[in-house]
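Two complexes are shown next, each including chain A; its partner changes from chain B in the first to chain C in the second.
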Partner chain A sequence: MAAEFRKCPTTGLMVHLPAQALIKINAVTSIVFLLIGGILALTLIFTRWQAVHLLPPDLFYRFLTLHGIAMLFAWIVYFEVAVLYFTSAVLLNSRLAAPWAGWLGYVLMTVGALMTTVAILAGNSDVMFTSYVPLKASPLYYLGIVLFAVGAIIACVLFFATLAVAKHEKTYEGSVPLVTYGAAAAAIIAIGTLAHGAIFYIPTGLWAAGVIPMMDPEAYRLLFWGFGHSTQQINVAAMIACWYALATLTVGAQPVSEKFSRTAFVLYALFINVASEHHLLWDPGISSAHKMWNTSYVLHLAVLASMMHAFSVPACVEVALRKKGYTKGLFEWLKKAPWGNPSFSTLIFSVAGFGFLGGITGIMYGTEQLNILGHNSLRVPGHFHATVVIGTSMAFMGLTYYVLPLIFQREVMFPTAAKLQPYFYGVGMWTVSIAMMFVGSFGVPRRHWDITLADAPFQYSFGPTVDLGMAITALGAVLALIGGAMFCIIAVATVLAGKKVNQ
Partner chain B sequence: MSLGSPEKYWWDEPLDKDEKTWVTVAIVWAIFLTLYMPYKHFTGKQNPSQEYTKVSGDKFDAAVDKFIAQYKVGEEKGLAVVAPPPNSDIFIRGQQFKWDPILKLKKGVQYKLHLSSIDMNHGFSVQPVNFTIQVVPGYDNVLNITPTTSGVFTIICNEYCGLGHHTMVGRMYVD
Partner chain C sequence: MSELKEEHRPKGTLVLVYFFLAVMVIYYWLSWKWLSELWLFG
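What follows is the complex of A and B.
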């Protein structure tokens, strides 16, 4: 048995080698998809900025569909699987319960992701990642997503099995660490929502294959967002688990109150999977009363949890830095913080961006009064690039800078570039997000190839302010794409050629 | 340390004053927001209560054709221009990739607007007033509207509905 483990020289943890192999393969695959999604993003933004208008319409809609799938499904979920194995096996000093199941999950996810990618590129699945019926994709598209989801469910089950093994074999004492606790909240939400996804993806795939009749389009929208909204909460919970990990790794922070933070995670698991009807506020088929109930009262119980983390994450960073002696005035601790550590600067971009940009706009657009102004406008992608890109994706990038030495056992290459990378990506994505929301407030639609309406029977101009806004969006995107490319190059180069950390 | 096991009995440790204050403020704010949106639903002007019925594509199609035949006053770009009387039921049909007919409405007069699609989902986004209603096949999304400004309005489809989505632009007149 002992040969299956190595002792980590930095942390003293016993790392299970089969778990380490699975973390590596999932992390590498996720970064490959981030790279693909990033290249697609470049073509999208230079099409939407109509001074360039790069792609023809069919390719624009095809690449937009693939960007959504590659980023939101593949990049994020592969990385989350890596986080699940890390927070169970590695942090608990335990063996992974059944490595073969991990590989089975990985193979299913990968076959699924490739199947969906091929279906989209083949050109008969231009349906956006929402695939609202009666828009029809190739049956392979749906099958790929179902396989991917089944693979991800296996990873979640393996996570819980590993928790059970660790408890049984007494590899740790007392309660699991806070980060593992947060990852457990993410995994609970994941199992529920991914299984929910099967409820409509399977019948829709069968419809596309001509086996059964089409589902009611409004029922589809309700089922889709019951899944689609809740899956975002997996990302939120996983992101916040990463925040606590990063706070500890970068400045040695301790949670200010375990009880407080853990209670907040419980609130997520209980309530955040409701509120999905904010995607449907102006749809027929659901009563106003039901929408109000769903999007106000229950939503705010989950938001309360985010408010709690919004207090405790910055607080634990402040306390840790003050303990180091940076106690002058209100903000000396912030000035003297390790801004040159890419994981620390990423953490701050992520926390502030998720809270101030993503969180606040989410609450705003989730009210029916503002939703009627913003529904399906560029405000929506502006909002979720703040949550899922600045928030989740940046948190994962920050963690990667520690995964490289701890798990891949390689020194991060190009340290100067690594220092600068978060500033490119962070400033760029903040700009993209704000500019998209600004442009959207003029009514500019999302998922639209030509807002000059050149080929339409009637003309309307959104005005010069919108042109300027789109140019600023493109400028921000260039910065972000440089930052994204730097991240991918640093990560891949380190994995392939980084100096071995001595064991 | 958040990466290691916590001290025993973490669930017994009392909360600090700062944490209690923060949570209290957050709960009060959440309660305020929870009540404020419904309050504005009833007292605000921009939000009609939802009204809808289920309707098959064929039935809706027939209703729109009948409506056009009844009140047609002209044609523009191959689409019927329709001037319905005050307080009547009026219809707009979404389909790949057009909104028809073109409505000619009167300022300050109430109408009952029926919106549906005979194929995909579409987004009924009216500019420059800037509001959006979701149009879903199989459902008649009903709005009681009273135009308050006169002028030319543009209806832009803002729900992706196929490769010609960006050409789906309609018109509406108010005088």
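What follows is the complex of A and C.
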């Protein structure tokens, strides 16, 4: 058994080698999909910018569909699976309960992701991420997503089994670390979320195959968002677990109050999945009273949890830096913080972007009356690119800079580029997000190939302010793509050719 | 938190949190104002 472990020279943790192999393969696969999704994003932005209008309509919707699948499913869920194995087996000094199950989950996820990708590229599944009925994709598309979801459920079950093994074999003392606790919240949310996915993707696939005569669009939309938005809530819980990990790894921070932070994770697990109806605020099939209960009460309990973390994470960073002697005035700790450490700068970009851009706008758009101001406009992608890309993706990038030496046992290559990478990506994505929300406030629709409405029976011009806004969005996207490419190159080069840490 | 020395207390974070709340209140107020103009109640 001992031969299956190695001792990490930096942290002193016992790393289970089968768990390490699974973390590696999931992390590498996630970065491959990040690269694909990022390239697609650039083609989409340059199509939305009318001055360039790069893609024809069929390719635009095809690439938009694949961009959503590559980014929201593949990049993020593969990385989350790696986080689950890291926070269970590695942080608890434990063996992974059943490595074969981890490989089974990985194979199912990968077969599923490839099936869905092939279905999209074949040109008969241009249904976009939501695949709203009666838009119909190839049955392969739905089957691929179901297989992917089953693989991810196996990873979640394996996570909980590993927690049980660690407790039974007494590999740690006291409570599990806060990071593991946060990952457990993410895994609990994930199981409910993925079950929603199975409930509606299976019959929808059968409908697409002609076995079932019809699907109810309203029921589909309700169930879809029980899956679609909740998927993002897994991201939120995992992202915040990463924030606490990054705060500890970069400045040696400890949570100011463990109970406070753990309570916030419990609020997520209880309420965040229920609050998905804010996507349906203008759907006629659900009563106003139900929508308001769901989005104005339940949603705010989940928002409360985010606000608790938004206080707790910067507070623990500040306390840690003040203890190092940066006590002058209110913000000496912030000025003297390790801004050259890419994991620290990604942490700050992630926390600030998630809170100020994604969080505040999310509360507005989740309010029934205010939702009409931005419903189906570019304000909405502006909001969720702040939460998912600036928030989650940047937190995962920050953690990668520690995963490379700790798990891959390689020194990060191109350290100067690594220092600059979060600034390119962060500034680029902040620009994209703000510019999208700005043009969305002029009524520019989301998911629209041609906002000049050139072939429509009526004409409408959004004017030069919107043209400028779209150009700024494209500029931000170029910066973000440079930052994203830098991240992928640094990660891949380090994995393939980085100097061994122990040498 | 109460066990922290005075100079280690996260006072800067508290200022940032109040700033965050102020931004949220302003944006919330503006959103309702825009809505009132859209529905011609302004």
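Simple rule for what comes next: the second predicted complex is superposed on the first by the 502 of 503 C-alpha atoms of A that agree within 3 Å, B and C clash if a C-alpha of one lies under 4 Å from a C-alpha of the other, contacts with A are read in each partner's own complex, and residues count from 1 in each chain.
Here, contacts are C-beta pairs under 8 Å (C-beta built on N, C-alpha and C of every residue); 3 or more make two chains touch, one makes a residue touch a chain.
Computed from a predicted model, the values in this text were never measured in an experiment.
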item	value
Partner chain in contact with A:311 - chain B first, chain C second, else both or neither	both
Chain B versus chain C as contact partner of A:43, first or second or both or neither	neither
First, second, both or neither for A:455, with chain B first and chain C second	first
Touching partner for A:369 - first (chain B), second (chain C), both, neither	both
Touching partner for A:171 - first (chain B), second (chain C), both, neither	neither
Which superposed partner A:257 touches (first chain B, second chain C, both, neither)	both
Partner chain in contact with A:360 - chain B first, chain C second, else both or neither	second
Per-residue touch tally on chain A - higher for chain B or for chain C	B
First (chain B), second (chain C), both or neither touched by A:124	neither
Chain B and chain C contact sites that coincide on chain A, given as residue numbers	256-257, 311, 315-316, 363, 367, 369, 372-373
Complex contacts: residues of chain A adjacent to chain B	11, 57-58, 61, 91, 126, 128, 132, 134-135, 172-179, 216-218, 221, 244-245, 247-249, 252-260, 262, 280, 282-288, 291-292, 295-297, 300-301, 303-304, 307-308, 311-312, 315-316, 363, 367-369, 372-377, 442-443, 445-451, 453, 455-460, 462
Complex contacts: residues of chain C adjacent to chain A	1, 4, 7-13, 15-17, 20, 23-24, 27-28, 31-32, 34-35, 38
Chain C-touching residues of chain A, taken from the complex the two chains share	256-257, 310-311, 314-316, 318-319, 322-323, 327, 330-331, 333-334, 355-356, 360-361, 363-364, 367, 369-370, 372-373, 441
For the chain B and chain A complex, residues of the former touching the latter	1-8, 10-11, 13, 15-16, 18-19, 22-23, 26-27, 30-31, 33-34, 37-38, 40-41, 44, 46-47, 49-50, 52, 54, 77-79, 98, 119-121, 123, 125, 127-128, 130-134, 136-141, 154, 156-163, 165-171
